[in-house]
């Protein structure tokens, strides 16, 4: 078959060679199935997380981002408590109702142009506190990188955390693209999570070179009590755990996460810059991570998508999303630009 | 670290080399993340299933056996309908309440010595039909191989299917070890599933050499309508689908499933035979697949478990379960026997 | 204790004497607990519903409006399907997440100034059809009377029904104040429900003189299949059913519903007219049923609320809601006006 | 219509005149809908509960016994925690799966001849503690009176409470017939609840003369935190609360509960004694409250049921249940006996 070239999403890409090598390395002999009994691969992976986030955390591996978000938030709220999130949040828009199904909780949506929530937007929901007819806001969930391609600065996260804690709420971060955010900020993970008080983190890797697996990281460790039961009941306990653990162990070794994310972000910058040459194409959002949002004339889209697949973000405005990945090459970008030249004036 | 040698479970084993090779082979370029848009690896894997089960099926990949069982059964019943299963069924005993949580359905339990259900045991539950205070039995779930190591004969499955269909119920088969069952019976998968009318099948591979992934196979295809939404809402849609698909494609090629299961079953037979030499050890159940159940004197268990890990099935009777896997070697068995000789008279 | 006089809500009122008399009349001897075995009171009440809505319906009594809405809608959708409703809908705003909890379904919210939904507002949600990451819109729920005091005209309901049916969706009507709507329209219930194709109706009475109880009426009768089990599992099967049935039997006899609602609506008109005399008070919405919305100067509210309780609808604009009931008297209104005169210039 | 005479269940009876009078008395003027704002009827009813159970409790009214049991238990456990109950418990057998649906929790069933659980039966379930594949036993639920007509002695309840608390579990009592139990024991409610450490109580009245309503009483008050939200989300907040409250206020005044239950229990004793005269009828269980269980020859049952309705408890053994109520008369009993004489030798 022919290779498909795409800017569709960073999970259209393959597994990076270092991760594949790690999977091969760990593939020998018998190990405790679920990571129990001090199974060494899982223990080592958790140690790596502690190097980055400090010792006072609890780490649990699950299969994917949906479940990391749903289980991590569900564990700390009751069904009559609600989650405040951006309307555009993956948790709200793109999980086919998984949060509502699993925990029975309502999501209170906020409209936001750039994908970021501000404390003053959450404020009106507090009117519901103590009113038995309304769900009780208990958790704010943000995405880092946001679904609009923007990155929260540490002080922006801190403002939300402080607001949440002041009102007896928690702060959850969906870090499906946390490595791209760290690279974008030029910071350690810790700086915009532990250091500013984030309670629960979904730590993703599949969009940056892993095969499968995501980590629920309780930075507020006491919230993790009994989470292993919720994970199992949530159908997210892997029975050959070492194969998730080995990936994260490698991902957090020799800054592999940074290498991959740096490349992806750089490709997005390059792409963004090359789009400047087209008068008819308008980059619509600041490129802060590995996604480029741009308006491309509607009439040429079918022709371009024949050669490079990508998602149309907004049919009305003809805004598209072009995602770069750890494996996007300069040739891919130049190829796309060549196609654009053919069709766009 | 030292290699652990174990008879704990067939998911303590590693990934068989053919599967690892298939994962490597498919690791190149971009592909549609979720198996959509005719992504070729997933399409090919589904074709393989059709070769074994016929064209009139629908196949969906999920992450593990828990979710295959829970989602496959939940999709075809309403919350006020109930599942009839053996008390010992994995679905009932070992999912930490996942079926009750996800669908809100009750499981009606049956006691069974050999892990198999008979139609006459289900009969009394039908008294509840039409009585609004009771859940309405709608599905019978059986395990093939059962949790007690036994294998349903096709006519036994057919009797249950006929009973189920006669009473407007469905028949679900938990096939976590379906390959071991097929080898034990000397039959094709089809003979004891499609041919006898099974409606929904959880088709497993992780216990027989895969890394992760399980298939929900709707043999009664019309039951599959809209299942993709339940899978997503059930947090079981993988975002790099090809890596599950590639495993199943290989698993169902050149009868890899049979090679692995044949070996595991043979090792269990060998182990069972070698245990005959010990007067103090009693093999408690007929060895029909890859598990050996035996009573070993309680006082020697700690010493033996220092060298070979396995699960104690019943503390009171000192019955243990010794599972063989695709990678169990004759040396492993002889090693265990040597240890037994040291401690058991 | 002193009588409280209030315009808070129509459920602050007592039970109308005819209903209390009906409860007394039926209080003798033994009857089948759950309405089964042709228990005569329940059978008679259902017959009354058929006189109003036609024979091709199915009627089930539950305890309250929350459950009528939640169970009636849950029964016809799966968890991955979603409900489209006005943001202001009781179902969305005032059930403390009961719909999400019971069925696991997402509610897709629409902003609407007057509480009414229009088909063109629902249209964008259809983009999600067939996209597995999004919940699948399956039901439109409207309130008649709306939470903003407005009343749908039959042709407005029909437009929504036609839209729903054209897209394989259902139309549910929350009729907590359906009698007030019928009186407002000068029509029979049938004209704006059965005749225009409504599928499921929550038929309320507690806000118009009943003590407890609400009816789930499946106008699309085939949707009712097995609803008795969902009602029981939903904790809504009353064990002395005759006492709900007797109320509805009486409510639908000699047009008691109309007498009560006519009075309540008339009182609201009177109140609205009397408010015209205050330059500083602005009636903000057309008074179509038994609720009056008005802006009253913020600084005088505490003084007025000392004598007449009512709910402040919008703190920012100082809009209040004044509800009239079957038992609101002309004296109550004149009393309120007198208090207003004391404080408002 | 003719009066039906029945021994079917104590909820086939009507509302006792004192309760009907109380409902009439409270039916005037406006009151806060949900019992909020110190609504006086509800406040008074709660005070009555405190007279019986002490001040350190929290009381919430709901509609029925199903919801009292389901919400009271759900509030104190997480979905992965389980309830231990007798197989015959109403919570397990007769709620159409309501506990599983609402909380997603598994019920661990115990077989018991007399309807009572003993601590040693619960013990084996503790093997699951700490094992992530199993639900975690967290609550023991008992029925007082049991479904088999027996009554726990205080020391039997205490033994279960002590066991529960020693293992970090709670004890819930389903008191649908708690008044009959108190009369049977000749004790105050307190003696076999608060005094022996019961945590949560479903306090019923409908089976002893009320029209509707049940109370969830948190004897362990700190467990009640936020229960109002669960009640609302559980669709159990009544919007004319005073009409439940007034019933309980009256029920707990002048020992009305005791008068009614004493009568019902006495009638059951009388019936039981009169059945002794029939050689072919065997009273199968000790009559401790208001139910009589007896084997009546199978062939005569249809004839007898034509005149007096009752439930056949066990088709195989021809055991029937004859329930007496607050309104069962000596004539009813003699009438039944006369019919029996006609058909039974």
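A few points about this structure:
Letters are used for the chains, namely A, B, C and D, taken in the order the chains are written, and counting of residues starts over at 1 for each.
What we mean here is this: contacts are C-beta pairs under 8 Å (C-beta built on N, C-alpha and C of every residue); 3 or more make two chains touch, one makes a residue touch a chain.
Because the structure is a prediction, the values reported are computed rather than measured.
Across B-C and B-D, it is B-D that has more C-beta pairs touching. Of all the chains, the one whose CA centre sits at the greatest distance from that of chain C is B.
One simple way to say how far apart two chains are is to compare their mean CA positions; for chain A and chain B this gives 33 Å.
Computed from the mean C-alpha positions, the centre of chain B lies at a distance of 50 Å from the centre of chain C. In whole angstrom, the spacing between the mean C-alpha positions of chain B and chain D is 42. Looking at chain D, residues 79-80, 95-97, 101-102, 104, 132-133, 135, 229, 232-233, 237 sit in touch with two or more other chains. Those residues of chain A lying in contact with chain C across their complex are 79-80, 82, 93-97, 100-102, 104-107, 109, 127, 132-135, 315.
Interface residues of chain B, counted against chain C in their complex, comprise 34, 78-81, 104, 132-133, 135-136, 226, 228-233, 237.
Against chain D, in their complex, chain C makes its touches with residues 1, 3-6, 8-9, 11-15, 20, 23-24, 27-33, 37, 40, 63-67, 70-71, 95-98, 101-102, 206-207, 211-212, 229, 232-240, 243, 309, 327.
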